[in-house]
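Shown next, in structure tokens, is the structure this report addresses.
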Amino acid sequence: MAGNTIGKLFRVTTCGESHGSMLAGIIDGMPPKFPLSEIDLQNDLNRRKPGFSKYTTKRREEDKVNIFSGTFNGYTTGTSIGITILNTDIRSKDYSEIKNIYRPNHADYTYEKKYGIRDYRGGGRASARETAIRVAAGAIAKKYLNYIYGIKIRGYLSQMGDIYCPFKSWKEIEKNPFFCSNPNKIIQLSQKIKTLKKNGDSIGAKIIIIAQNIPIGLGEPVFDRLDADIAHAIMSINASKSIEIGDGTDVAQQLGSLHRDEMYKNGFSSNHSGGILGGISNGNDIIVKAAFKPTSSIKIPGKTITKKGIETSIITKGRHDPCVGIRAVPIAEAMLAIILMDHILRHRAQCNTLINIPR
Amino acid sequence: MAGNTIGKLFRVTTCGESHGSMLAGIIDGMPPKFPLSEIDLQNDLNRRKPGFSKYTTKRREEDKVNIFSGTFNGYTTGTSIGITILNTDIRSKDYSEIKNIYRPNHADYTYEKKYGIRDYRGGGRASARETAIRVAAGAIAKKYLNYIYGIKIRGYLSQMGDIYCPFKSWKEIEKNPFFCSNPNKIIQLSQKIKTLKKNGDSIGAKIIIIAQNIPIGLGEPVFDRLDADIAHAIMSINASKSIEIGDGTDVAQQLGSLHRDEMYKNGFSSNHSGGILGGISNGNDIIVKAAFKPTSSIKIPGKTITKKGIETSIITKGRHDPCVGIRAVPIAEAMLAIILMDHILRHRAQCNTLINIPR
Amino acid sequence: MAGNTIGKLFRVTTCGESHGSMLAGIIDGMPPKFPLSEIDLQNDLNRRKPGFSKYTTKRREEDKVNIFSGTFNGYTTGTSIGITILNTDIRSKDYSEIKNIYRPNHADYTYEKKYGIRDYRGGGRASARETAIRVAAGAIAKKYLNYIYGIKIRGYLSQMGDIYCPFKSWKEIEKNPFFCSNPNKIIQLSQKIKTLKKNGDSIGAKIIIIAQNIPIGLGEPVFDRLDADIAHAIMSINASKSIEIGDGTDVAQQLGSLHRDEMYKNGFSSNHSGGILGGISNGNDIIVKAAFKPTSSIKIPGKTITKKGIETSIITKGRHDPCVGIRAVPIAEAMLAIILMDHILRHRAQCNTLINIPR
Amino acid sequence: MAGNTIGKLFRVTTCGESHGSMLAGIIDGMPPKFPLSEIDLQNDLNRRKPGFSKYTTKRREEDKVNIFSGTFNGYTTGTSIGITILNTDIRSKDYSEIKNIYRPNHADYTYEKKYGIRDYRGGGRASARETAIRVAAGAIAKKYLNYIYGIKIRGYLSQMGDIYCPFKSWKEIEKNPFFCSNPNKIIQLSQKIKTLKKNGDSIGAKIIIIAQNIPIGLGEPVFDRLDADIAHAIMSINASKSIEIGDGTDVAQQLGSLHRDEMYKNGFSSNHSGGILGGISNGNDIIVKAAFKPTSSIKIPGKTITKKGIETSIITKGRHDPCVGIRAVPIAEAMLAIILMDHILRHRAQCNTLINIPR
């Protein structure tokens, strides 16, 4: 695998399967003497955690995080930070029947073919359960970015199936289980989920993450552009199928005279570019959009094959979100935070300054 | 910067500015005893090179590549491969007037703010000129992937502004200067470019790259998923604003029962997932889509500020493509080839086999 | 810190302090379908662990390792392997008095100056306690190298102070607490340790590690030569002050006609080069030598300063090895195993073969 | 190979063979706005270059360096720096007769076995010729370290065969072709070389490199300790067989009460540890020792085998240094500079400060 680490200077390495005893992460490169304790991580973990809304999976996990290394008397020491999250609500018997069969649109087939072996209990390492550690690590980055640079990273659900939820208010987002910024859409969203559950089907979604108060100068061209590293991080989230910066795919139909964000003494006239020019942050808000495919695990029978190659069909039981895109909001926020943190450290290394705080 | 390298095992490191004497790259990790000479790289360089069609910039560069290291008697030796491409058609006086002013939507402002200095001649390192080395490096990967694994990587223009060009035929693509697979669209595209030139404006575009005959098992979850690394590579191309895998942003409105690619003895029924499941290739074609913003350099006056912060407006002279998305086709092919090559080596390392050649 | 990972493809990342609740490691890149359980790691952990011989520290740790991720039904899955080792015998009160004072020759001063904060309990992260995870990770590599390639990695104490212990027999090594291959030296070594304990002093040591049955071709010139990576790994062990390959420092006085290992049909006539030529293994035994400084923590008063810069003197209490070099044997074996494992994977990636098994 | 890059943030990537048209390097991560031109690199290149003393190889190379990227108007821009050095004095016919035979103690055999192919002209990539780029890159680091932090990095020959040359004066070093600090030893050294040439033999050597005025706090435990990274860098130099920090191998016989450097208000009483404690610089001089094996290429017949495995003997013709250790001085200085530079950037990234300038 050798792909379980992200970041060059702020480095997050993870392990743990859906139905193992616990998940763990090692966060390396954290600046020292920064106040940090479990409570700083728990809020985002709660936002991501399953089982606490009728709109997500029924698996109930407390997702209590434990920091067992890298802090001393409530402060980071500059050494590697170790964190664990126990798996408590495991029902592996749910999965024994998929031992010899590949669920369509799931990683079953590719893991088996790549490694010749797979931990089929709950999807093993391919389960979205591993994202809990991402969220915990991201919360560390978020706290630092906010304390030291005033950076704010927040996201919301912008689309679920054919329901579009344009931005209304940040305050609304934490008041509903959909990360929806518009209170008028909640009933529609609830009903959609109910219908999906009844039908045993699932639905895709799109989210938008915005980082505000970004210093000018983050990003390392030409390959480690800030947008390239963000794309990497967001596309590494389970079920992610697209990543857009600023106007994203819409730029294909824009004229240059429309797209360009003109500059004035007090900043840019617009933000089509999503806060990044030439791979480097320009001080404008960073705007990231991502679409997530519908949950693979559905109760409508689907054609598939067994390990031996025999054609059959399958219904996926178990406890699953009808729309994985919803819980992607705190995960994508975390991934963006990790990348911004990494690039702040990279910038400090080379340029030895971060004076260009935006207006 | 420290961001001028891409790849973990097949590593490409580049340098060179738009108006320096030359561009160079070092390609490390290439398997030994593989036949390689300049001629293998020249074809793709010619496809990318400027000045040879009336639809792209007027700058004429031969883009003759020189391999000066890493081969012996026509074969790779396993040591680092050195390549250079001379800059021959430089007219730096074109650029002196932008020395103290930031062109809107260009990297001028962000480079100046990040580094406190910038090579303003032709955009310096921020110019798309650097992609010549990417194309050369990608051609090495392409040849290896094709010889050893039969992999084919090809792309085409799928949209320019409001002109949609759905796939018609691979044969058509090299017959027109737009990488358009549909001969019926050529006149429309030509006229659009003519109009843009007359107006001094530019336009965005969207391209699709497809890799065929992919071995099952490429990709290293959880962070170095194949799609995550592809997203990184494609988003690192100048002007890129989105990257989609398979159905991409469309998945947001899909039901799970529609999106999932069902499996049969002879393969998948469809390819909504774009050839990647759980971050690992499933043997289906890999489908990558990317949108490119309109060229920043246009002749319509735009509001901007000077280095001293005084508001002014600017017309960007010089020789520029009205649609940078067109030439992005060979560049994106190259980036995809580099990532696939890297992942083939990574897979060989851990799994010590590549037997799962797709049907 | 961002320095808690070693290896490019077989990657070991660690965390944990001397007096935290536990140590942990994540091992990434392990080939799949390989039989692995805790019992494979425990033997080497027992060889390293403290408190079980009167010649080492009195701290008693069971060093029971737990594999909580990356295996399934007794086999590796190719995903990241998570391991933990609990700290059980912690007596942090021993250390409170060094909170505001720097022990000479210890990392107290440098950690405090670098990070502005330090976990002074038992040396925190600077304690040799962290090497337990190295040994566990190394044991995984050792098992693989031995099963798949027949590689054997073993070490012994070659010198302690003025007592020289030239190689006698591998069988003897595990029969005494000194990793001494010569039974005739045991009494001398025991008496030396007793005297040191009485005097409250410590002593340096030298060890030799030998890897046998090495495939030809491991090593990636020019910077990641096999010997360079071994030097990195060995010098990263606490208290290590030198690393030599083959004849090491002695080569300074050798003639070329003496040093060169002549080649015959059946192999080399000698092994002055220690199994590596041009940074690549030549099939001969790899011979690594390392010297370890005497334990810093001694009971003879030493001059030092307080955090406030006031001069004083200190006696280091607590439970310490009089000769850290002894227990360095299993640690150095582990580090060599990790590097060889990494290079085997790297070689497989590029050259796609490992046929050159030595005679 | 994939091993042609060194450094995490200050990254040096190289290519080029002994008898190719040129050598090249890309230096990434250099801080911007720093004055830099070819003249800054040429002095160290001249110190390393062959053919200008009767004590080294007769190959005459001007080693004129060209910076073709990464600077603008005499200042670094923060983008990747490209450098080339032409090979001018190539006589490849000297080497054709070793095409099918392995020179003992040379990389011929290991390159051929690893890659299945080798560029036998002058040793190809295995030749010490590649170190010219190291010296050029190191000179960039040296200049920065000296300007910004006042760091001085200098080395000298401490031993050649049985001639010991303890330190006398830095001033003497550049006055003789041996980097010998003691003028009384020059005649002895000259005569030794003359005898060796007459006999067609070669000799090993030992050098010492000292870095002064080092900030406290450089080094990233636990694996990327400063000494571990230095060991890597020094051991990556051709012919290097040992690396020692401070007292090095001598610590094996030292008592703890002797070895420890006691601390006073004004610094350390001694420097047995060579300036590094716990992997982190303590402000004392960094002392690095390295031994280099005798040149492999000698004129005394040696037993070897052909590519087909037939036993034979060989005399190595061509133009070779009788003692490669001499010219290792500027190379080792360069490698130490690269590592210190890298660690200064790494420290700035995490700790965002470098205030602990030593006394």
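First chain written, first letter: the chains are A, B, C and D, and each begins at residue 1.
The rule we apply is simple: a contact is a pair of C-beta atoms (placed from the backbone, for glycine too) under 8 Å apart; a residue touches a chain by one contact, two chains touch by 3 or more.
Owing to the predicted nature of the structure, the values given are computational and were not obtained by experimental measurement.
Peer 1: Find the chain most remote from chain A, comparing centres computed as mean CA coordinates.
Peer 2: Relative to chain A, the chain whose C-alpha centre sits farthest away is D.
Peer 1: Averaging over Cα atoms per chain, report the distance between chain A and chain C in Å.
Peer 2: Between these chains, centre-to-centre, one finds 38 Å.
Peer 1: How many angstrom between the C-alpha centroids of chain D and chain A?
Peer 2: About 45 Å, centre to centre.
Peer 1: Which positions in chain B touch two or more other chains at once?
Peer 2: Within chain B, the residues that touch at least two other chains are 1-5, 9, 14, 29-30, 32, 78-79, 111, 114-116, 125, 221, 346, 349-351.
Peer 1: If you connect every pair of chains that touch, what shape comes out? Choose line, ring, star, complete or other.
Peer 2: Per interface graph, the chains form a complete graph.
Peer 1: Would you pull the chain A residues touching chain B in the complex into a rising list?
Peer 2: 1-6, 14, 102, 104-107, 109-111, 113-116, 125-126, 130, 159-162, 196, 201-206, 216-217, 219-225, 227-236, 238, 240-265, 269, 272-274, 276-283, 291-296, 298, 300, 302-305, 309-311, 325, 346-347, 349-351, 356
Peer 1: Contact residues on chain C for chain A in the complex?
Peer 2: Residue positions touching the partner: 1-5, 9-11, 13-17, 20-24, 26, 28-30, 32-33, 68-70, 72, 75-82, 84, 114-119, 124-125.
Peer 1: Mind listing the chain A positions that touch chain D in their complex?
Peer 2: Answer in residue numbers: 8-9, 29-32, 78-79, 221, 345-346, 348-352.
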